[in-house]
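In the two complexes below, chain A is the common chain; its partner is chain B in one and chain C in the other.
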Partner chain A sequence: MKKINWGKHVVVVILVGFWLVMFVMNKNFRLGDNLASILREAATAGIAALGMTLIIIMGDFDLSIGSMVALLGIIMAGVMNTVGLIPSLIVVCVAGMVCGLVNGVIIAYFKVPAFITTLGTYYSFRAIAYILNNANTIMCTNPTFLKIGNGNIGVIPIPFVILLVLGIVLAMVLNRTVYGRNVRALGNSEKACRISGINTKRVKMLAFLLMGFCAAVSTMIITARQACASPDVAINFHFEAITVVVLGGTKLIGGEGSIFNTIIAAVLYASVSNCLNLYHVDAKWQRICMGLILLVAFSFDFIQRLVVTVRENSQKKTVQKV
Partner chain B sequence: MRKMKKALAAVLAVVFALQMVACGSANEPAKEENKDTNAQETQTQETDAAETNDTDKASGESKGVIAYSCYNMSWEYYVTLAKGIRDAAEAAGYEYVEHDQRSDQSIMVQGCTDLINQNIACLVLTPCKPEAAANVYEMAAAKGIPVVLADISTEAQGYLACFKSDNYDGGVIAGQYALEVLADKGGSHKAAMITVDPSNTNISRSNGFKETIEPAGWQVVSELSGKSEPDVAYSCMQDIITANPDVEVVFCSNDPMAISASQAVADAGLVPGKDVYILGYDAQTNVFEPIKNGTVLGTVAQDPYGMGSGAVEVFLKNLDGEMLSYDEEGTKIIYTDQWIIDAANAAEYE
Partner chain C sequence: MKKFILKHSDNLSLGAVIIMLFIGFSIMQPNMMTAFNIKNILVQVSLTAIAAAGMTFAYTAGVFDMSIGSILALVSVVVAKTATTYGFFIALAAAVVIAVMVGVVNGLIVTKLGIQAFAATLVTMILIRGIAVLIANGADIPLYSMEGIKFISSGTIAGIPFPIILTVLVYIFSYILYYTTVFGMKLRSVGSNADASKISGIKTNRMVIAAFVLTAVTAVLSSLIKTAQVMFGKSTIGEDFALDVMTTVILGGTLVTGGKGNLTGTLIASILIAVIKNGLNINNVNSYYQQLIIGIILIFALIVNGIKTMKNERQIRREG
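And then the complex of A and B:
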């Protein structure tokens, strides 16, 4: 039996603790519908966060996923009535990978930093979404499609099942494949990777391609839940995804991270947001709370790095004295 | 192990602190509402009624919860609407809760889902994205919770009623007022409009205005889109004056654009309220000063408070099994009043 390193999975303990407290304190939290709603909400940001985990482990960022969702939604809804449900889902996955590829090529081959590239595509993708349908909203009325966002398998919401399946696949890619190892290595040191012969360009491109795919799956769920695609959807989506990844303990400097933690963090984020709604917290205070969570999540990383640096410095001094 | 325990304790402390904030600030909305809505009060009798009803609520007997999910609670218009709902709900013995969509449709869907899951008695909704509300109706119907729309209508069916202003009629009222006031001034009988394209609300208003004054012999020389931004409206007004220096009246489909337009007239060396007359819409707080000064001729006031209290009334009627009468049967719309506010009655409504 492998020994579980609880230090790396603090977020699990926090989630269990939070749920226990909420179960006791609020009768509405316990309702089956409410718990299902939390899982459903967790899946939306969670799926995008899966792809973002890979990107952050690699040491980069992707700020364009919200705009990707807007563009992909318009594309998918636009073709759904003409080509049918399944082909439109395939089209959106391909389109998502193309968007991810655009990011990947600019970052890997033109060597523009990821922050700048994805900031550019953050504006461009959404602009294209507005142009494509003249800023109008497209309704989606196919009942099978709507089930993707609103249906259940037994008691578990379908989006959450999709999250679990995708999570398992990506976890296997990250932990059991050479590619996954290369992603971590790239996050640790790009120079070392290049010297040891790893094709860093291909690793980066593939990571952004996977991110695009995850954005496409998120798009399906978001569009199904809202029964319409509009170009002004998901404006702060990248923020939610990055918050969830960091909340799960993945370090921003890269090199380390866990898909499992990201999934747990997604559920925690959705639970806190649900709790704020259950207590009818004023919108201004909700924003403050979510901002605080983001700060706390980011400061884990900072505090840990500070502790490591201080410890290293004190060890160096001891060695020098000797 | 020790490091992990410290980290765990710190994080749990923050999360529990957040919950204390959550519980504490759940009471804040009540206090904030009363402060904000004194600015725009169109029916002062209800304020007195509200004060006495707060004490009834405190006695703890509640028939259920009426929830209001709003487009954006930082807009004065919706604060007044919310007050209308709150006063009517509390007068009927219901608890009132609020949800702010912050102009984000994902927040609208999730917030309404959470409210419906709590088995509220009624949901009053001002959707920021009407098309995305279809799911909300279905979920509410599955739980037997009636939905009443306020201010914004949608195409999808599934709601009990929709309270809104007849925007076309508002434009007609503005047009008739302009004809009345300016008939004997001997001016050029030329008009212009600054609207917001592609907003259906604003276009209806402009159409109502145009189709009232044109049959009376006036000429609409220009129709521009101010994109609901004061800066853009300013340059639109400049363009209108340059092309038509003898334009007599300009109808702006909302107040911020009207105020900006009057500024543009003044900056062009003309006198707003004498050489060029400006009409606005919405009766926002900061248009009362210009109306009293004469730089803005008047504005079309809507009745958000009436929309709010009407919504609760319709819910109660439906509960009693009464038949509802709509102004538009197909879309279940009930229109609320609109009227002109000008220098003569500005003091009454401020």
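And then the complex of A and C:
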């Protein structure tokens, strides 16, 4: 049997511990409805975090996803109310990939740092979302569509099922295909990749395209849960997605990360914010809590690196002694 | 003369764009040319230009500060809270102390924890905004009793508005610090090659922290102008400030990759952005379009920046 490296799965241990404590402490937490709502909540940030995992493994970031969600929501709701459900879902996926492509082309082909490019599109996409419908909210009342957000398969909420399916597909892509290997290689050393003949530009562009697709799927779920598309939606979305990815142990400098841990981290993040609500924590404090959680996640990354360097140093010393 | 034009081609082309835009807007709306409006634009310029000077230092050191908008809010709230009880100068001192602290914290997270500047300041951005909201308790703090504060945004010395004098002072100071001191030279060397600088004995960590502190301190001045304009301590100001400042610095020709800053360019670019914003305002264009246009300008500036870097690299390869 393959030995499991527990150091890489700290987040699983934390999630199990947190759930055990909360099960004992709070009787509202263990209600079936509450658990289902946590899974539902986990799916929205989780799906975007799946795409973000790929991008962070590559050593980049995407800040524009929140604005993408706002823009895509407006486009989707507009098409849905005028043309129909199925065309709108197709349009939103295509539009998401186009948004991702815009980011990807600028970043890969003009060698511009990702975070500044996506900061530019962060403002541009939301501005377009406002302009498209004069800053108005569009209602979505199609009952089949609302099922995407509120429906269940058995006892498991549909959003979580979508998260799992997408997660499995992306994990296969990341771990079993040449493309996935290229993504990880790119995070380790872009120069080495280029020299060994990998088309780094295309790898980068495709990752942002996938991110756009994930944002489109997130958009469907967010819009379906709110039953309306608003240009104000998902202001801090990039923040949530990055927190989830980093909590999942994906290294900030790139090269290493796991889709499975991202999903677990999404559930953990949703559980924590659920508990903040259960204990009536003020919205003002919740914002600070979010920042602190991200800081803790970053420190994980730091501690991991520290442990690795200490271990390497001690190994060097033993080698020298021999 | 030819040498001068070649050397300053970036700045001159930016200046030409400003003049063309100004003429264009004036034809569309004659009110643009009035002395009152020009003064208005210059005050608007000072708001971003001052913070952009600090940000140029940060970019030169190879880092940048996303939390600048939140610093604006925190300083505004703190100044409003303390000024009404302890007087303006104590409030100013408190603001500067807080800014230095924020800068040091940003710098320590980046240098000691080894987290990229972007991610680290993203954390402090949300934390500082949270603290500002907490201190203000979610409401605006009125400053009606402090008429003196108004001087910062609308006072004049010998007919020149005070913010403009402040901007000029900040830029003179920045020029001296950037181009003539050892500190400026070390900062540029850290930005262009951190490893080489470290080996040659420069304390790179200290340089990065200093860059963050400079950015935060200039943000205090910008915040004072903004606070004096609205006469409120607001925890919501500066949401788009980071975008404005970064667009200004990058448009000015400072390299995103570090090592090479252009203070003159930053100043000219801040005038350009203020002219665009003012021109759109005066022509009754919705503020969403303004955001879109600034975003597009940023992306355009980035592409130009990227092409320039690539050309640079190619030249180095050809020569070496």
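Assorted remarks:
Quick note on the criterion: the second predicted complex is superposed on the first by the 305 of 322 C-alpha atoms of A that agree within 3 Å, B and C clash if a C-alpha of one lies under 4 Å from a C-alpha of the other, contacts with A are read in each partner's own complex, and residues count from 1 in each chain.
Definition applied: a contact is a pair of C-beta atoms (placed from the backbone, for glycine too) under 8 Å apart; a residue touches a chain by one contact, two chains touch by 3 or more.
Since the model is a prediction, treat every value here as computed from it, not as a measurement.
In the superposed model, A:135 makes contact with both chain B and chain C. When both complexes are overlaid on chain A, the residue A:208 reaches neither chain B nor chain C.
In the superposed model, A:115 makes contact with chain C only, not with chain B.
In the superposition on chain A, A:269 contacts neither chain B nor chain C.
Shared-chain residue A:160: touches no atom of chain B or chain C.
Once the two complexes are overlaid on the shared chain, A:242 sits against chain C while remaining clear of chain B. Of the two partner chains, chain B is the only one that A:31 touches; chain C does not reach it. Applying the stated contact rule after C-alpha superposition, one finds that A:124 touches chain C and leaves chain B untouched.
When both complexes are overlaid on chain A, the residue A:252 reaches chain C alone and has no touch with chain B.
Comparing the two complexes, residues 135, 236, 285, 288, 292 of chain A contact chain B in one case and chain C in the other. Across the complex, chain A meets chain C through its residues 61, 106, 110-113, 115-117, 119-124, 126-128, 130-131, 135, 236, 239, 242, 252-253, 284-285, 287-288, 290-292, 294-295, 298-299, 301-302, 305.
Residues 6-7, 10, 13-14, 17-18, 21, 25, 28, 31, 33-34, 37, 41, 44, 135, 137, 139, 146, 150, 222, 225-228, 230, 232-236, 272-283, 285, 288-289, 292-293, 296, 300, 307 of chain A touch chain B in their complex. Of all the residues in chain C, the ones that touch chain A in their complex are 109, 113-116, 118-120, 122-124, 126-127, 129-131, 133-134, 137-138, 240, 242-243, 246-247, 250, 256-257, 286, 288-289, 291-292, 294-296, 298-299, 302-303, 305-307, 309-310. Of all the residues in chain B, the ones that touch chain A in their complex are 3-4, 7-8, 11-12, 14-16, 18-19, 21-23, 25-26, 28-29, 32, 73, 97-100, 102, 104-106, 109-111, 113-115, 117-118, 129, 131-132, 134-135, 198.
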